[in-house]
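Right after this note come the structures.
Two complexes follow with chain A in common, the first pairing it with chain B and the second with chain C.
And then the complex of A and B:
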């Protein structure tokens, strides 16, 4: 797998900490392998939306990679609940079902970005960089006001 | 079954498999199935509900499934590692069917997809008058893959839409 320049947290230069949410163990393993090549650290995994919410509370990761189609609570609903309680949560939806209505619903409910499966490492890498930079840029702009 | 329902699945399977295998994929056969579906190897089933409803079974013979799992994982997956191979087939079904569902939704069909489930029974349900099953056979560099689609338009929803359209006119 291709090697990427590490993406780190702007505040302390530490590795980005990920929570990976997907009902497929196989997909979780693949995403974990991918984010490790970005210098990231997988601190937790969940197989459905309900576990994702509790794991977020417990671990407060820097980024959540969240599938949409899952048993029980689906990804968009879980993202909405997480963002309602943690407005700064960075959630990236990762799903094979990427129709416009779904993407809009995810973004309206607080997701920061959407990546369609099959996931290309270089696409996910750019999205992660963007989402991590997004906050530091916003904080920088805020500090100047 | 209308071509507008079938084409997105052919396109999606072609795109996802060709990219994964880095080689062209050919449709070897396209037949209407009248008898109950007979599983070929390791199979995953995805159910749809909404304006289009039914099920799609994605099926790979065992050797092909192990090779696909290795490609998908980016590392060797042994054919004896049944759990990983089954997981890989489910994930591949999810990607192929999910991409086709995306196209159909963007064309204006609204329906919901359930997560893939392993299809373990030797035979699937028989097709019926209003749920024709279409079997597509794909010839790939990893072996043979099959997709069995039994989909139909939701009649009640179609008639509801006609009523709404009548009220609005």
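And then the complex of A and C:
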């Protein structure tokens, strides 16, 4: 895996803290490995939407990587709930192409971005950079892919 | 119960037409909602569901054209998401019109209307402003594309022009989508969100549900942010490959044939670059020309078919019954009430003949019980016929929208009291007059936005529709906050048209003068502008109200607006009437019209000019003498008479009658024009003993009072002589009438 310049929180330069939500343990580990190469820190994991919500409450991570299809509460609902309670939450939906409509729905309900499965590290990296970008600092930071 | 197949089919079809009417109404409402909150996914979804349901229903009934159209429309709606809602409401409204026309044709078995233009509209939603092959694009064609701003719909053009007129910065944002992006629809959603964070998105293409691959996203954005900030925001990883942000000059100053044909037009030649400052004018021009186009739909489709297709809807537990069946039940109830009166009459006679008989009490008890039940029955049946006024009011958001656009006016519609119940036949009869008043109010009552601003009002005119109960009546109000009616001009006009003589004019109160605009022949189209428009065909409104025994009252305040207040009886079939005699003949007036009854002597009645007046407490009450004035003499002076004091709107007058008979529930039997030539009588009823009572027409009486004052030297005297003469052979169920009149 290639090397990425670490993404940090713009306010204090600390590592970005992640909550990874996916019902597949493999997918969670895979994502965790990736974000660690971006200098991130995985502070929590959840296997379904309900625990995603409670974990968010407990940990207030900087970024949530949220799978869209999960048992019990689906990713969209979980995302919606989290954003409703925490409007500043940054949620990135993770999904395969077939769920484009759900992605759109999630975006409408407050998710910040999405990445397509299978997730490519360089794509996720750009997305994280974009999502972590402070809007006031956004000038000139236009990073095309 | 089994039906022969064709019977069942026709019943099904009937059901289909009814529910399709409701669906169209819903479609209209949803389209209007969507227009108000563009991009609302929930509304968009429910709109799609409506189309979907209509598709299924029409397919089941074998209406192929309709179901195919719905199918195409639904497809287009399904694919998309929220973006660029600009065109969807517009096309949904057109679709509703075309669907209504189709339904009408199916129902009547007439030739189907042309559906080509709707097809084209739908296709336009699917392939908005199809451009050349993007792969071939170089910077030159990009510039060209940027100049082709006429891809914005007329609404969007208007919005852009307005924003520019308010000195806002309007950016043209073009985002080329990364060809690697696997989810371009979601990508477009991201772009839309990003744009929405930067400012107001006036337009966004491709539209929702585009079939073509999304290779480029174009938007008009109002934002105070710099082009560089916007560019950075839209440079979304994995989605945006290239972002260009330029200042959007005037929006399509080229008055293209609206946006309807823009797709084809653009595919062909290049639209000349827009002139800079003609933005507002160009856009408005386009919008209004399009409005003129769509007025063709308005007249035929929304005006008629939607109206006829609107059916009651509501809770799940609904039973659909043919109105005729209810009418026949109500008729029977009417007969029962007659029978009750007959029984009562018989009981009275029995009591007189056998005052001590124990049976009399038993009869009386039984009859009292029967009377109560009958009362309940009558009310229950009448309730069946009652429908919420909302059934009428819900058409108006669409009508106001269309008429407002036609007139180029911004109108806010405020509806209150939609839950007020009214007899269905009355409500149906009101559809036309109320529509007329609403159109008038927008067309002539409300000023243009500029005029309003000059007068210190909000640019947006307010049109209020209201309904409420008042006593035994329902009041429907149509009011606007426009310029009001110039009463003096009405007076002048009436004088000029010979509807009024100078000495009459001097005597008339303001409200009497206002009522002139309801007179037939008062105004013609030519006066419309001169008189701020009121009066066009308002006599139609008046005549419908007269037919349903309602009244109309006009209130106006210069610069503040006009209110038309329609007072309607709760039901047509049965009224409580006050019966009285004039010259030995029996008449009745609706009880709720009578405010009080005074008793006096003939000698207290004075004559001022040729009119009879009576001093009643502190007021001088003008009197209407229905019979002939008696020969003067001492005997006559001591004669007792009754005065029924009638309030009608602003006016108050007394009706002189010889003798009061009592009040009763009168089941109104319509009289045909052959039986009675005068409009002074609006109907007849039969009493329990078989006597016929003529029900007087309040409105006509009043008109005679106002207009007939100096028609003859005798004033109103002998007004009813002609009625009585005409009334002698009225075939109101001849057996019962028995020539007793």
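Convention: the second predicted complex is superposed on the first by the 129 of 145 C-alpha atoms of A that agree within 3 Å, B and C clash if a C-alpha of one lies under 4 Å from a C-alpha of the other, contacts with A are read in each partner's own complex, and residues count from 1 in each chain.
Keep this in mind: a contact is a pair of C-beta atoms (placed from the backbone, for glycine too) under 8 Å apart; a residue touches a chain by one contact, two chains touch by 3 or more.
Everything numeric here is computed off the predicted structure, so don't read it as measured data.
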{"item": "Touching partner for A:13 - first (chain B), second (chain C), both, neither", "value": "neither"}
{"item": "Touching partner for A:69 - first (chain B), second (chain C), both, neither", "value": "first"}
{"item": "First, second, both or neither for A:105, with chain B first and chain C second", "value": "second"}
{"item": "Touching partner for A:27 - first (chain B), second (chain C), both, neither", "value": "first"}
{"item": "Chain B versus chain C as contact partner of A:116, first or second or both or neither", "value": "both"}
{"item": "First (chain B), second (chain C), both or neither touched by A:130", "value": "second"}
{"item": "Partner chain in contact with A:87 - chain B first, chain C second, else both or neither", "value": "neither"}
{"item": "Interface residues of chain A shared between complexes with chain B and chain C", "value": "97, 100-101, 116"}
{"item": "Residues on chain A engaged by chain C in the complex (per definition of touch)", "value": "97, 100-101, 103-105, 107-108, 113-116, 123, 126-127, 129-130, 135, 138-145"}
{"item": "Interface residues, chain C side, partner chain A - complex", "value": "41, 81-82, 178, 180, 182-183, 185-186, 189-190, 193, 197, 226, 228-229, 231-238, 240-243"}
{"item": "Residues on chain B engaged by chain A in the complex (per definition of touch)", "value": "16, 19-20, 69, 72-74, 84, 87-88, 90-91, 94-99, 101-103, 105-106, 110, 113-116"}
{"item": "Touching residues (chain side chain A, partner chain B) in the complex", "value": "1, 23-27, 29-30, 33, 69-71, 95-102, 116-118"}
